[in-house]
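Everything on this sheet refers to the single structure shown next.
Labels for the chains are A, B, C and D, by order of writing; each one numbers its residues from 1.
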Amino acid sequence: MIQKRKILFVTGARSEYDIMQPVLEQLNNCNDIELKLIVTGAHLSETFGKTVKNIENDGYEIADRIYNLVSSEDKVGRVVGIGTQITGLAHAFAREQPDIVVVVGDREEAITVSMTAAYLSIPVAHLAGGDIANDGNIDNAVRYATSKFAHIHFTFLEQHAQVLRLLGEDDFRIFNTGNPALDKFVHCPVIPKNEIAPLKVLKTGNEPYLVLIQHPIITEATDAGKQIVETLEAVVDLGIKCFINYPNSDAGNFAIIEMISKYAGEYPEIFYLFKNLDRVNYINLLRNAAVLIGNSSSGILEAPSIGLPVVNIGSRQRERFSAGNVIYVDYNRVEIATAIRESIYNPVYRATVKGIVNPYGDGNSAKKISDVLRSISINDKLIYKNITYKV
Amino acid sequence: MIQKRKILFVTGARSEYDIMQPVLEQLNNCNDIELKLIVTGAHLSETFGKTVKNIENDGYEIADRIYNLVSSEDKVGRVVGIGTQITGLAHAFAREQPDIVVVVGDREEAITVSMTAAYLSIPVAHLAGGDIANDGNIDNAVRYATSKFAHIHFTFLEQHAQVLRLLGEDDFRIFNTGNPALDKFVHCPVIPKNEIAPLKVLKTGNEPYLVLIQHPIITEATDAGKQIVETLEAVVDLGIKCFINYPNSDAGNFAIIEMISKYAGEYPEIFYLFKNLDRVNYINLLRNAAVLIGNSSSGILEAPSIGLPVVNIGSRQRERFSAGNVIYVDYNRVEIATAIRESIYNPVYRATVKGIVNPYGDGNSAKKISDVLRSISINDKLIYKNITYKV
Amino acid sequence: MIQKRKILFVTGARSEYDIMQPVLEQLNNCNDIELKLIVTGAHLSETFGKTVKNIENDGYEIADRIYNLVSSEDKVGRVVGIGTQITGLAHAFAREQPDIVVVVGDREEAITVSMTAAYLSIPVAHLAGGDIANDGNIDNAVRYATSKFAHIHFTFLEQHAQVLRLLGEDDFRIFNTGNPALDKFVHCPVIPKNEIAPLKVLKTGNEPYLVLIQHPIITEATDAGKQIVETLEAVVDLGIKCFINYPNSDAGNFAIIEMISKYAGEYPEIFYLFKNLDRVNYINLLRNAAVLIGNSSSGILEAPSIGLPVVNIGSRQRERFSAGNVIYVDYNRVEIATAIRESIYNPVYRATVKGIVNPYGDGNSAKKISDVLRSISINDKLIYKNITYKV
Amino acid sequence: MIQKRKILFVTGARSEYDIMQPVLEQLNNCNDIELKLIVTGAHLSETFGKTVKNIENDGYEIADRIYNLVSSEDKVGRVVGIGTQITGLAHAFAREQPDIVVVVGDREEAITVSMTAAYLSIPVAHLAGGDIANDGNIDNAVRYATSKFAHIHFTFLEQHAQVLRLLGEDDFRIFNTGNPALDKFVHCPVIPKNEIAPLKVLKTGNEPYLVLIQHPIITEATDAGKQIVETLEAVVDLGIKCFINYPNSDAGNFAIIEMISKYAGEYPEIFYLFKNLDRVNYINLLRNAAVLIGNSSSGILEAPSIGLPVVNIGSRQRERFSAGNVIYVDYNRVEIATAIRESIYNPVYRATVKGIVNPYGDGNSAKKISDVLRSISINDKLIYKNITYKV
């Protein structure tokens, strides 16, 4: 009997899970793989939709649930949660003895998982290394530090692979596969517009509408409320219907939730809040949207695949490579309103955006990643990273 | 009244403290500086000499003692301790609100302190970045990851500064000051040989003797016992007196302690163990030694200042830049014995080693570092790290 | 110079702080006392009103803020938070070296503080020992266990002092002082009814109104939503205005918050939510209320001082000694409505309730407690508890 | 198919494991039981013999290893370890969902396990409740607090069952089974004296010898070294061979280890140290010993079964019920020596001790305990503890 390779994914937030899920789907069907997940962080909090339920519904085996998200907007609370997470991960990895652990992105899970596994000499595969978020954000430091601990890198853009090479990572560790979240996005079933759940509120089939996702920025946490107000006021000005997704769990999110709740109360004909819209309805909501606004990575990564114009507000995502479908504006209601108008009413710009080829992936990334995870040799060369700086 | 700049050092082991102590000495005399320490890890353990007492004796203000070192050789214990340390540091930093935190080296304290401070937007100064330890050791990953979180880098060698530039760190953050541990080493008072405490056991003033410091390597922890036996057997073969310092707290150290205790019992005329020899006696012990053997960083960093030949055993330190006073050998009693003989009895080699200029510092590093810590502008440019990769 | 006695209070929730605050007020004016607080748990969470701000505003010195409340309704999250709290308290007690630590009640802070201090041989004073909450609740186990660790007991009822004697506690440790929360309650300034903030919504000065506070019960957490609906429906039926306070942070509270928000949205003329009403307005709101409903301890402890009828719903408080002003009902809208009607419209019952003497205190408890804390001898007899069981 | 009852034992030290092991043995052979262990604390530390290996060798399934023992003699380190242990237990219990958890004694595991399980509404069975150790020791507070959290009590003495009734515990929860550690003790195979491993050093078969086990007392930790010296000096005075077992992991143990090592070095003909003597040799060592000295519970609990005289030194065990085989003395070399002489050379006393019936058990305790664990009804009556104080 052949020993199955045991692969352990760790996820702490829906944004991470959405990226890894297509890879899970691939691996779950491989009889040479034993697949488990560790679920932690925001997944276990009612405040963030208790999205561990999605994972349970998807049917993957959960090896452990690590409760660590501290209920506080103060940044110290987040770091306390990091300490608890590391302790939990250490015990879980020791118990499970995985052949590879997999983690995604630049949240605390990226650094806690990669550091813990590296100390235990367990190979770490990291998705989304080499990416660049906005200036000065802790996310960049976390992502680069994660890359220094990780043994296998799956990048989402050729430029990201280049960054990893500059960071001194060996070529044999780097696989530019594109973003697996795009797989589902690209292959997502089409729902006729009049059957998309949230769109029941539209008066006519042709009424243009916006989708708004604006996350807090840790380093600007105290301004989060003021920032979202600029966006909301711009939309009120335009008088266009706007579907708002809840922000993530970073510090500052309470202020955003408070403001979007307030505006939704005051302008029930304009703003529609949703917390956990299912993915199929969400993608079809985007497919028919006039513009995506806010600062979601979705605007950079996924919107190009469906030719959707994006207005990106503030510093988040500003450093990310855009395929050409994004207008960048400041936290300023006038700038925001102008950019939305351009995105809706300039036919030349809309045509250009429609024709873009998405550099972040072709819809087959999950297969590429799972092939590497199944076949890469696990040996000292992989685990003990050589020093490649020659100075 | 001028607001004093508050600088908080964190130390988890004597090796770190020895490097930072000259800087503490400089800053403690500055009336524009409020200086505090957080003491953690091995400092609080009787197993490792409870060296917090040294710090108390030196008279620095201790802001917190964070108890986190788990009593176990299993690597998972170490990571659990990391989690506890982060939780403690988060609370301590929030309480103390330092202007700058300072940390040294590549142990867990380096990464926990730099990550915690970075999440809390507190500037981190890191000593000893850009260095390279042996292949595949977790230390390298920790050190590079720390550099990605840190805001100010004090390097000990020009080559290390170069590595940090390759890692994408801004020039204005990098100061090649040399190693402050050398300051005390260079300026350490000379004790006449016949007054050096451990040397009372020597029969004649001219009897050559060895000093042995051999730390465990985490990735080779299970071999630690076997490895030290090769060294001990080589010394038994040569029949030369050998003073042995206790190893550090990394996994594998129990096996080493067990073996050196055993050999010291069997060969009381050859081996002399010491746990916490005071620094002055230690340095004078080295000054008069024939050869330093093992894998202590001391052989690479300090020995050149006193023209001391070194036999470095095994993979630890192998990647480090040597000034020319080091013979590298494997865990092999014959190789070790041969190299020791060469180091003692080849007059040409001894003369060359005597003439070396130490590239790791000139004895004034602490002053250079404290000047930067006192004067560097603390602003957004320092705290929010730009992305400097251009791909 | 006389060494001041250092007393350290620990509080994790507003309910605890409200009880200890009058004692703090007494001690803060004593020049033989150094007074500090450790603030933890729900105080640091926006979800529960971030009530650390109240403490800051009151001007007490905060020695540490321990972030430990896990954002999850799952009970395991609460226990993880207990672990973090203990670690934080251990470090804080070691740092502060208090002469006495003080804690209140039966929440996790009671057991974490008393256990931590007992391990460190620091005397613990516990307020509210010997009390009895509802059947089977973890609160009772926590309170009794706390009493076994504590060295000084301040009880709120003679019967509670009796329970402690049965538990084997020495007489010299037990002080039946009454509940200091009553001090402020009894001496709270009277606001004319027409100036009480929330009452602006009343149409006439004579309109009777209800106050509702219903906390979740941990052992019935999954029923919390269903339970509150019974109460809300009873109030809708009666059509009487009802002011609702937010529930505490126990598991199940999210469901309650969801339901009260929903009903407040549907019946804006009946339900008025408030999160952090200032205490003076709150007490005056009670003074003029027709009935207090729900399961707040306030109904048992404070309402007798102002002759306020109470309808206590469900198992919480059922085991507590009532002065005669409480009708106990089940989670059943008919029972609840009937009891409210009796409480409002039966003149004999209302007269009886008006005449009650409150067995929980006379308004001078804080002075009694602070006198003991200042004067009790701290010695081995106090710290090392004798075994008093003779079997 | 019948659902097996899942029983989870938690052990943190060899002393606990020795008590529970006969029960494990019973349950492991029952096909209606799923049996698992959580191993934590001193079991995972090389300093205390890494006794997890014994458990692995015994072949029980280990559900989790929780690394929490902090390497420090300072009491704060122990409490930090308690916090980590609780966090680990919470996650483990949530993952394993046991029907019953079982814990033994009065160490930190007793309170952490019982509190964690009680918060999670999992029934806790506690062995050794109602016992009384020395005055003022934290052990008593821990044990009583544990009893207030626990749902099922297995006592080792009728008097202990009485204490639990006084503490308000229901009769149906209390089972006076005796101590299962005695089962193995009583039924332990007899080794001929001349084949008992450590006794090879005896010169003649009739030479009387002592066995010494002296643990530190937390509240007297700083005196531990001085205390053991009195014992060692008394033995030196008598000139009788003495076999010394290592002390447990409580604060103060380092000083004891240091002293016994020193004396063993100085008097190699008198003192023989052993760390992890196998149980069979250990029991046969006792069977042939002249006197057991120190403060081990073994002298109270087990020695009566073999008619062995005991000299109990200091406050530990002083409050425990003795069957009549124990002479209590202070930390005083003269008193100790006198009591040892009486125990060896007074034929009347020796004869009385020989004839004692052990009140701590008849050798069938494990069967009684396992029968209850298999058959007790798990329902609300068990889980939700009623209030039984009538005042």
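Note that contacts are C-beta pairs under 8 Å (C-beta built on N, C-alpha and C of every residue); 3 or more make two chains touch, one makes a residue touch a chain.
Worth saying up front: this structure is predicted, and the values here are computed from it rather than measured.
Enquirer: What chain lies farthest away from chain B once each centre is taken as the mean of the Cα atoms?
Expert: With centres defined by C-alpha atoms, farthest from chain B sits C.
Enquirer: Could you tell me which pair, B-C or C-D, is linked by more C-beta pairs in contact?
Expert: Between C-D and B-C, the larger count of C-beta pairs in contact belongs to C-D.
Enquirer: I'd like to verify one number: the distance from the centre of chain B to the centre of chain C, where each centre is the average of its C-alpha atoms, in whole angstrom.
Expert: That gives a centre separation of 52 Å.
Enquirer: Roughly how many whole angstrom separate the Cα centroids of chain C and chain D?
Expert: So the centre of chain C lies 40 Å away from the centre of chain D.
Enquirer: For chain D, jot down the residues that touch at least 2 other chains.
Expert: 65, 67, 74, 76, 80, 84, 87-88, 90-91, 94
Enquirer: Which residues of chain A touch chain B in their complex?
Expert: 74-76, 78-80, 82-91, 93-94, 111, 115-116, 118-121, 132, 135-138, 140-142, 144-146, 148-149, 159, 162-163, 166-168, 218-219, 319, 380, 383-387, 389, 391
Enquirer: In the complex, go through chain A and note every residue touching chain C.
Expert: 42, 44-48, 50, 65, 67-74, 76-77, 80, 84, 254
Enquirer: What part of chain A is in contact with chain D in the complex they form?
Expert: Within the complex, chain A contacts chain D at residues 64-67, 84, 87-88, 90-91, 94-95.
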